[in-house]
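Structures are listed in the sections that come next.
Next come two complexes, and both contain chain A; in the first it sits with chain B, in the second with chain C.
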Partner chain A sequence: MVLVKRLLVVLLGSYARRFNRDDKRFLVVVGAFPMILLSLLVSMPVIIVVKSTPIFEHEGIAVFISSVWRAVEGSAEEEFYGLLPAIWGSIYTATIAVVVGGILSICFAVFVEDMVPHRFRDILSTLMDVMAALPTIVYGLWAAAFLAPLLLDYIYKPLHQLLAWTPFFSFPPKTGYTLGTAGVLLGIMITPYAAAMIREAYSSIPLSYVEAIYSLGATKLEAIRLKLGMIKPAILAALVLGFGRAVGETVAVALVVGNSLTLTLSLTSPGITVASLIANMFASAPYYKYMESALFAGGLALFMIGLAVNSIGLLVIKKWEERIGLHM
Partner chain B sequence: MDVYTRRKIKDVVGRLLIALIGLFALTPLFHILISITYNGVRVIAATGVIEFLTGIPNPANPSNPGGIGPAILGSLVLAAMATLIAIPIALNTAIFVSEFRGSPASRFTILLSLLLVEFPTILVGLFVYAVVVEPMRRFSLLAGSIALALVMLPYVVAQASEALRQIPRDLREAAYSLGLSRLKTVYRLMLGMARRGILVGILIGLAKALGETAPLLFTVYGAFNTYPQSILDPGAAIPLLIYVYAQQPGEGYQALAWGAAFILLVMVTSIVLVAKKLVPRVHL
Partner chain C sequence: MELAEFDENTPYAIETVNLNIYYGNKHVVKNVSLRIPRNTVFAIMGPSGSGKSTLLRSFNRLLDFYPEARVEGVVRVLGVNIYDEHVDPTIVRRIVGMVFQIPNPFPHLSIYDNVAIGPKLHGMCKSKQELDELVKWALEKAGLWDEVKDRLHEPATKLSGGQKQRLSIARALALKPKILLMDEPTANLDPVSTTRIEELIVELKKDVTIVLVTHSPRQAARVADYVAFMYMGEIVEVGTANEIFTAPKNPLTEKYLTGVVG
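Here is the complex of A and B:
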């Protein structure tokens, strides 16, 4: 009993000492539900680890660092799955997304907060919310039909002619379904989320600071640069969380990335990501002994990347909120 | 050119560039809305609204590709069941978070919920595949709705706990002074007072659940051509249909995908706009 009480004090704060019978009954009823959430989040990685054990026993860590993909029906020993191209593709496309989405969202945030008259602000932020709410499959369908051909004709082909000697455009562009297209699409998709976070931080800069900047004779552009410097942690957090979202996106990427298991720096080459690999291969996995397990290992990789990235992002934003005196 | 003019020019050019890029960030949205509406309405007009909403796909005939009835029904059933599963867990978690606010347990719960929002939804699909589909040995609408409930949960928790937090303390003390127990105070009074925020949370969760594809890939499978007879049958959903049909060669498939995308777009944006109307600041 004493132990339970101690635990409650640690978890709920010192006023748990004064709980009467009514409070206890309340805690028993309501407290069960966060436990469900906790047990779900704990069992998710456990299940994924259990399901990916066979592939680790079969080929060890090579599943993460090899780029050989050999699916052989009927002879399990011949099977070999290396996820390196997919892991690389996920990280590469998410990095492109952060660059594209970062530029778009910072400019959008500054534009809305500093340049647009008050009465238009609501319209613009509603539009951004609609953009955030659009189903990812709609982005995918649109990008496959319009964005991919557009990038092929106006970006990849001219840049391949000019810059074929760089690794980024070395692959002769044949279709628009490439790593670059996936990255740009992801950048568009993370823009509304990043823009919302950056706007919130940007508008929270105290007016006295802004007035101090102008009193020194700064131009408006110089003021914008100083203000963006002040909210660096918030921008960093927005981009890190955007990276996390981009890494995990599945169907929109699967429709435009080209789905070829190649390890390349070239933006004009088809590639693959972990999530789109899982989505593509899962239906055929039952025909092989180890493929399902290999795909769960891909899920494990996604989980680890996601956990690391999102923890960093949430930590940065929390520190920032504490510093400027906002509390959750 | 003196320093002042140079700064002035830099200022004008820089701000112009920011404004242009800022506006450019919205162009994909407009192009998506216009192209999906144009292509979608064309397809739906060719088949007829009722036929498109209730019919069976017939992709072999591009000029009249039939309808997406089973997928629409599947989406509605999935969303309704996911909401039923998510609401009790989400509301009680929100109550816990706001009642014990500031405590380590409450903060940890908020953190878990935030992590769940940011997590790749395909992992939810893999998880539900392993714990529901494999033991039952069948793809089913039930498995899909469990996966969607997991997707919805954190959105409802975030919005509902914020609404609960905003209820003034004296109202709760007034309830206690009348001799109400803590459970009755929360369930009978506070949930009622926070109903707007809770409704918005559910709407946002619904919009997200309706648009999700990845968690459904390994859970409901795609039975696009038949109406499911029970929730233990494999089913279909609109996003799943778009994903599968968009990858098929053949104009009939493409036409159905565009029409389905338009229906999905209308459903999701209208839910989000209603939610925005009720509460200005929504957590997406």
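Here is the complex of A and C:
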């Protein structure tokens, strides 16, 4: 206890002098929990790196850039794991999710704020909050039973007929369990969060600007376009966070993505994501020497993707905000 | 409806007859009948909460965006009753420009785009060159051109408060309105910027009729040709600036001018 207090004085310097003796004890108790949490957070990337080291020693960077997946029981040297289809699947489905979720949430925000009468506003936003609170497995089950067959019959089949010559619909659709379905489902899943953020920014545009737009004789549509332009940083922030959620979403995706290690642009083809691969394989991984380590390398890849997207997003937002001088 | 319905040669730019405005149950503008002569500066003066800004917002149908507000009576702008069924409020707002209390150029647009946005919305210019000229014309009219001509594509947020307000004026002028509503345009500005805006107001009345809402008798005295004194939703007294400031007929007006009421 004395040691902790000493440490506290060193860490906080003169700041510690503002507390009397009882307060110091209190500070130690209250401060301990966040400190434990923070050190746990720091340990997270460390553990993932440590656990994925064997696979890097075994096959080097190929784990990220190869599509070969060879699990051989009892013969460790022949094992080989390439995560490229899964990494691609994660990025691809999350990107589709951002496009789908972006359109849905912008439409929702504008509709609720500018189109519906006041009394319906609360009902609609409560509904969105409920959607946000649903367990993700419920989304997965719903999509497996309803969304996947719907997309297969009314979207994939007709579009394959028309657009089979494009890479996006080249794969002959047999089931609804595809990369496209996973992307659309993820888009729906991130919408409640993104819509809430965008709506918040949209409704906080000062009345003075709104009056100014209309005083120039703008129609409602023109005013909406200008208002959306004004909250561009908030929209981007919502989409960056949405991408992070989508890229990590596991169980719902595992139900509808098809779980095939295929590297493809085709929305009508089954595929896989890193998270769903880990979920599918983790239980059987101990039977192999390197598989578990390969799955940890997948976790590392997700970690880096998330970090990169967030950093770039934050940079762009900061630049816009500096230009606009308007902080939302 | 067509722009041509507005008669530019009527003696009165704006005429209200028995105008009443309510917010829910609150009666905020009471039985106002005003006639605002063309090409003058008409000041509506009164203390905060007297209904001046609400009255002003009824002149370009901006009250449409206040769901609580209800307007009864007649407002004629250049001869057209703007609350008539067939009237398109977006066209009314092209004829009746507005400048607000807080300088409010759009923060995400450049100086140029802030002025160009109105003409773009209404498809007023056929070529980029024509638009460039209109933007220059509006900025010159607002007395801002010399200060910004070399940085038209910088964000409007880089300007000072007074410059922003002149940019707001340029933005309104770019639509070539016949009437300009100004809602306490100098309330948030320093004295030097205030003087510039006031000089501009006097200058602009050659081209447009200006309806100026102000709580300051001094400002009204400096720029207005006519003054209406408004108190608790009613027009207490209207007259030429000279009449109001030298010989007010109503004791309430006199009290306001001398700072006893307000």
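Throughout what follows, the second predicted complex is superposed on the first by the 286 of 328 C-alpha atoms of A that agree within 3 Å, B and C clash if a C-alpha of one lies under 4 Å from a C-alpha of the other, contacts with A are read in each partner's own complex, and residues count from 1 in each chain.
In the analysis below, contacts are C-beta pairs under 8 Å (C-beta built on N, C-alpha and C of every residue); 3 or more make two chains touch, one makes a residue touch a chain.
Here the structure is a predicted model, which is why all the values come from computation and not from measurement.
Visitor: For A:Met115, is the partner it touches chain B (first), chain C (second), both, or none of the two (neither)?
Guide: first
Visitor: For A:Gly74, using the defined touch cut-off, is the partner it touches chain B, chain C, both, or neither? Pick first, second, both or neither.
Guide: neither
Visitor: Determine, under the contact definition given at the top, whether A:Val210 touches first (chain B), second (chain C), both, or neither.
Guide: Touch status of A:Val210: second partner only.
Visitor: Identify the partner contact of A:Pro286: answer first if only chain B is touched, second if only chain C is, both if each is, neither if none is.
Guide: After superposing on A, A:Pro286 lies clear of both chain B and chain C.
Visitor: Is A:Gly229 contacted by the first partner chain B, the second partner chain C, both or neither?
Guide: After superposition on chain A, A:Gly229 lies in contact with chain C alone.
Visitor: Could you figure out whether chain B or chain C reaches more residues of chain A?
Guide: So, of the two partners, B touches more residues of chain A.
Visitor: After superposition on the shared chain, which partner residues are touched by A:Thr219: those of chain B (first), chain C (second), both, or neither?
Guide: Once the two structures are laid over each other on A, A:Thr219 reaches both partners.
Visitor: Would you sort A:Arg323 into first (chain B), second (chain C), both or neither based on which partner it touches?
Guide: It touches chain C, and chain B stays clear.
Visitor: Just which bits of chain A does chain B share with chain C as contact spots?
Guide: On chain A, the residues that contact chain B in one structure and chain C in the other are 219, 222.
Visitor: So in the complex, the part of chain A that touches chain C is made up of which residues?
Guide: 118, 206, 208-219, 222, 226, 229-230, 232, 323-326
Visitor: Help me check something: in the complex, which residues belonging to chain A touch chain B?
Guide: Interface residues on chain A, with respect to chain B: 10-13, 22-23, 25-26, 29-34, 36-38, 40-41, 43-44, 47-48, 51, 103-105, 107-112, 115, 124, 126-142, 144-147, 188, 191-193, 195-196, 219-222, 224, 241, 244-245, 247-251, 254-255, 275, 278-279, 282, 295-296, 299, 302-303, 306-307, 310-311, 313-314, 328.
Visitor: Where on chain B does chain A make contact in their complex?
Guide: Chain B residues touching chain A: 7-8, 10-11, 14-15, 17-19, 21-26, 28-29, 31-32, 35-36, 88-89, 92-93, 95-97, 99-100, 102-107, 109-116, 118-124, 126-127, 130-131, 150, 153, 157, 181-183, 186, 204, 207-208, 210-214, 217-218, 239, 242-243, 246-247, 257-258, 261, 264-265, 268-269, 272-273, 276, 282, 284.
Visitor: Where on chain C does chain A make contact in their complex?
Guide: For this pair, the touching residues of chain C are 60, 62, 65, 67, 90-94, 97-98, 100-102, 104, 106-109, 117-118, 121-122, 155, 157-158, 168, 171-172, 175.
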